[in-house]
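Have a look at the structure below, then the notes.
First chain written, first letter: the chains are A, B and C, and each begins at residue 1.
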Amino acid sequence: MEFVYKTLKSIIWAYAKLREKLSPGWILKNSSRIREWELMVYAYSKSPIGVIGGLIVLIVFILAVIGPLIAWEPYWEYKILYDENLRYHPPCLPPSCSGYPLFGTDEWGRDIVAMSLYGFRISFVISIVVVFLGAPLGIILGLISGYKGGVVDEIIMRVTDIFLAFPGLVLAIAFASVLPQRIRGVLETNSALRAFFSGLFGLRQEEYGQLAALLSIWFAMVIVWWPGYARIVRGSVLSVREMPFIEAAKLSGLSTWSILFKHILPNVLSPVLVMMTFDIATATLFAASLSFLGLGPQEPVPELGFVISKAGGYFPERSTHVVLYLGIILLIIALGWNLLGDALRDILDPKTRRAIEYRLEKEKKK
Amino acid sequence: MMNEITHLPEDIILKVEDLDVRFYTYAGVVHAVSNVSFYVREGETIALVGETGCGKSVTTRAITKLIESPGRIEGGKVLFRRRNGKIVDLLKISDEELREIRGNEIAYVFQDPTSALDPLYTIGYHIHETIIAHKSKISKKETFKQAVNLLKHVLIPSPEVRVKNYPHEMSGGMRQRSVIAIGLSNMPRLLIADEPTTNLDVTVQAQILDLLKKIQEEYKMGLILITHNLGIVAEVADRVYVMYAGKMVEEGPLEQIFYNPQHPYTKLLLRAVPDPTKKIEKLESIPGVVPSLISPPAGCRFQPRCLYAMDICGRQEPPLVEVESEHRAACWLLEKRGGSK
Amino acid sequence: MEGVNVGLASFIARRIITFIPTLIGVLLITYLIAYAIPADPVRAWVGEKLMNPETLEQIKAKYKFNAPWYEQFIFLIQQLLTGQLEDPVRHKNVFTELTSRFAVTFELAIVGFLFLVLIGLPLGIIAAVKKDSPVDFAVRVMALVGSSLPAFVLYYFLILAFFNYIQTTYLAGIPMPSSACTTTLSSLPQTIPVLGNIVSAIGSIPMFGAMMCGEWSIVLDTFKRLYLPGLALGLLNGGFIARIVRNSLLDALSTEYISYAKARGLRKLSVWRHALKNAMVPVVTVLGLNFGGLLSGAIIAETVFNIPGLGRYMYDAIMRLNFPVIIACTFLIAVIYIVVNLVVDILYAVIDPRIRY
């Protein structure tokens, strides 16, 4: 834990020195903020679930980035065309077995470990982008709605309610089933977009049909995700808005936008950050569920949920290893984010921070 | 333990001896109440005075073991004479006997009525359940009637309507009066009121105080009044106890405390109250801040702010010394002067 | 409870009024999905089946594919609100199938909800009472794993355990009450007005219908069929519910009004009543929303466990690109969900008098 604390602290100071270079005197002006960060980082390093969660997330991130690059089998080759034995071959552990992939193969004879490397990239990109697009969208709308009030508030809240009137999965399914046609058309004509998104997801450009399905899922999920944030942020803004320091800011002539971003947002941010972290876990499983139902990319793209659903047809006679292995991967990814979110929630709670502060003081004195 | 001397002079209904309450927090052990002793006679009003955080509320809650973790009552005796004449140590009796006494023979009026009332239940229901917790054979109609009566007593207009109100449907002042009504519902031997009139406007305040006095006379009810307001103290108190930083620093009859205060803190407190008939240039205040009670200083706790501080004040705690009959103060100045005026 | 009526009645009235714009919004979104978004709506509605041009033109005219958007919108509203959406290819009213499917989903929702409450509530209360004990820790772990585990993986392994190894359940069809029972129940509205309608409606749900006719073997059979997905749903969400119950109860127990209740010498039971009632407020909301979610068709559970409910119906429609069914299902599920939310809000106002304004 010491190591974690030292590493994170050096990152904070590197950032501080950078800001200092850009605008001298920054460190002095922000010394109390830096101290808060140090405290939070200390609290984080002391939380075992936080460190474990962070570690898992880091590993998942690394695998997501390098996965498609180091995968030793291309996903678009149907290995069973060469060797029928390869279909759903169970895990092959030496010395009783040799010549076949260690953890077994999927329906097309592909090494599921290699396929999971592609899967990491796809799941990671989708979950991150959905939350990092849906959340800010919802946050901004929530800020405006809560702060302005009146007609603007009514309209935004009505729209939010309408979207929230659909259960998430149902809404996503509905959108994801109609969007692929359109998106496919766009990708067909626009090569730049095609190249960009294929690269992003680690797929070949030839798979743009499946890419369209993938982007449909993504789009559908963003639609499902933003209303939740709008609601929550609006609620927080409503309670913060009446506080004297906001009135003071207004009286001193600050523009609406600076009030929103410099004063209201920081106070509203903590629970939102925690929610975003949990949401990445939820989004990962949500996307996998949509693929499981057949709405995502089809053959040959090895999206985790999709491969599991195909394996379902041969379960449990032949494909237990596939369901188990890929299921555990999804479990670990979601677990990492959930643990991180749990730790974050504790850290950002001011009461626990004070307790940590006392402990830190005592340790420093030793 | 059962045969310890539980002797109480005839007219005393409550006697607290050497009460010690500590809070075990992440920042350390807070000595909230240290060696506090006081007593209350039948029909008497005592005022517990001191600034915020001096331990007044904790002391009164500790009397009936209402202290929750991380707080712990670490020592002391609380002798109480029950209606049936039996004398018990409230800190040592069974939970069930304690429950019988709470709300029935010793009642509380909490400081913040808004948080004391359960928002999901009406005022009438609060009174109803307080009564039936201690009387078995009584009908809902009867408790309802009593509830309306009680609300009328505390001067709440249209009590038949108000009795069906939820807390959020009433004003702050009405809530405060309701809590007083709930406290009186079982005609307790002792009423412990924590700032019972702060939110009320002056005329209502006066009426409530009159009411309490009337009930006291009629039912010989003892009253412990916790307050900052020395004006009220002057109105109703028979004796005054002054607390500072968890310790009792002065105690005595009303006139003694007001006209012959001995402890420097008491003197400053009295000086801080402006006299409306005199014109003054500046409001008096007491310089400095209340000390942290985590590792309380060795000597007198008021020493850092005291104008008359001597060497010994920083080293040793002064004992309570008798100044006159029933008037005592804890200050080395008294020892120096031989303990009397 | 005195003081309930006027405030509550007006709250309910106001809440129902806000139902209407939401419904219109839902219709609007359904319209977008049905007509506006698909690149080739006609193709989407008709599916991949080859049609001769004449029939295609007839369909285009009937479904107003060539008309301006407001006409299309009105047409869609009519169809959906009267429950008359017709599949252009198969010439069947989609909604007739939907009602029987919904009844099955309702059964599943009840069983799942039962498990959820039986697992979540007691665990949550114990975790609160025995704070920081191993039970508390276990609840935390359960909530964590429950929200990290992909549902379908759990379902597969439960099936492996309880169907493949220990044969305590089966995975086809849904037990139905005898035809004698169903005919009796469906004829009730004619003999007894109003009450007959209500009883008949409740009886259309197979499990309840069987109960009313005293066919207890059918009821037992239903549990045998549905306990596995019910258990799975309970396990997945139980930890989460338990945590909410625990936190809510701990919050309630540390309030001033609980201290005040003790200071008034209330019996332990009365003190607990105060704490539980207050704690239940957020819990009821969460449970209600959860039930709403179950009612909206646990699509994945129905797919894996082969339950012929609403969710499964929608899934099949997606697989077969049966567009009218997807639209009708989306709409119906949304309506169910809004209704459940409405009921939850009203329930909340019944419990907490502060909300009624």
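Just so we're on the same page, a contact is a pair of C-beta atoms (placed from the backbone, for glycine too) under 8 Å apart; a residue touches a chain by one contact, two chains touch by 3 or more.
Please read all numbers here as calculations on a predicted model, not as lab measurements.
If each chain is drawn as a node and touching chains are joined, the picture has every node linked to every other. Summarising the inter-chain contacts, the pair of chains with the most C-beta pairs in contact is A-C. In this assembly, B is the chain whose CA centroid lies farthest from the centroid of subunit A.
In terms of their C-alpha centroids, the spacing between subunit A and subunit C amounts to 28 Å. Distance between chain centres (mean CA atoms), subunit A to subunit B: 56 Å. Considering their complex, residues 61, 64, 66, 68, 99-104, 107-108, 110, 112, 115-122, 124, 129-130, 133-134, 164-166, 168-169, 182 of subunit B touch subunit C. By the touch criterion stated above, subunit C contacts subunit A in their complex at residues 21-22, 25-26, 28-30, 33, 37-40, 44, 144-145, 147-153, 156-157, 159-160, 164, 292-293, 296-297, 299-300, 303-304, 314-315, 318-319, 326, 329-330, 333-334, 337-338, 341.
Residues 1-3, 254-257, 259-267, 270, 274, 277-278, 281, 351-354 of subunit C are the ones touching subunit B in the complex.
Residue ranges on subunit A touching subunit C, taken from their complex, read 158-159, 161-163, 165-167, 169-171, 173-175, 177-179, 181-182, 185, 278, 281-282, 285, 288-289, 292-295, 305, 308-309, 312, 315-316, 320, 323, 327, 330-331, 334-335, 338-339, 342. Within the complex formed with subunit B, the residues of subunit A that make contact are 354-355, 358-359.
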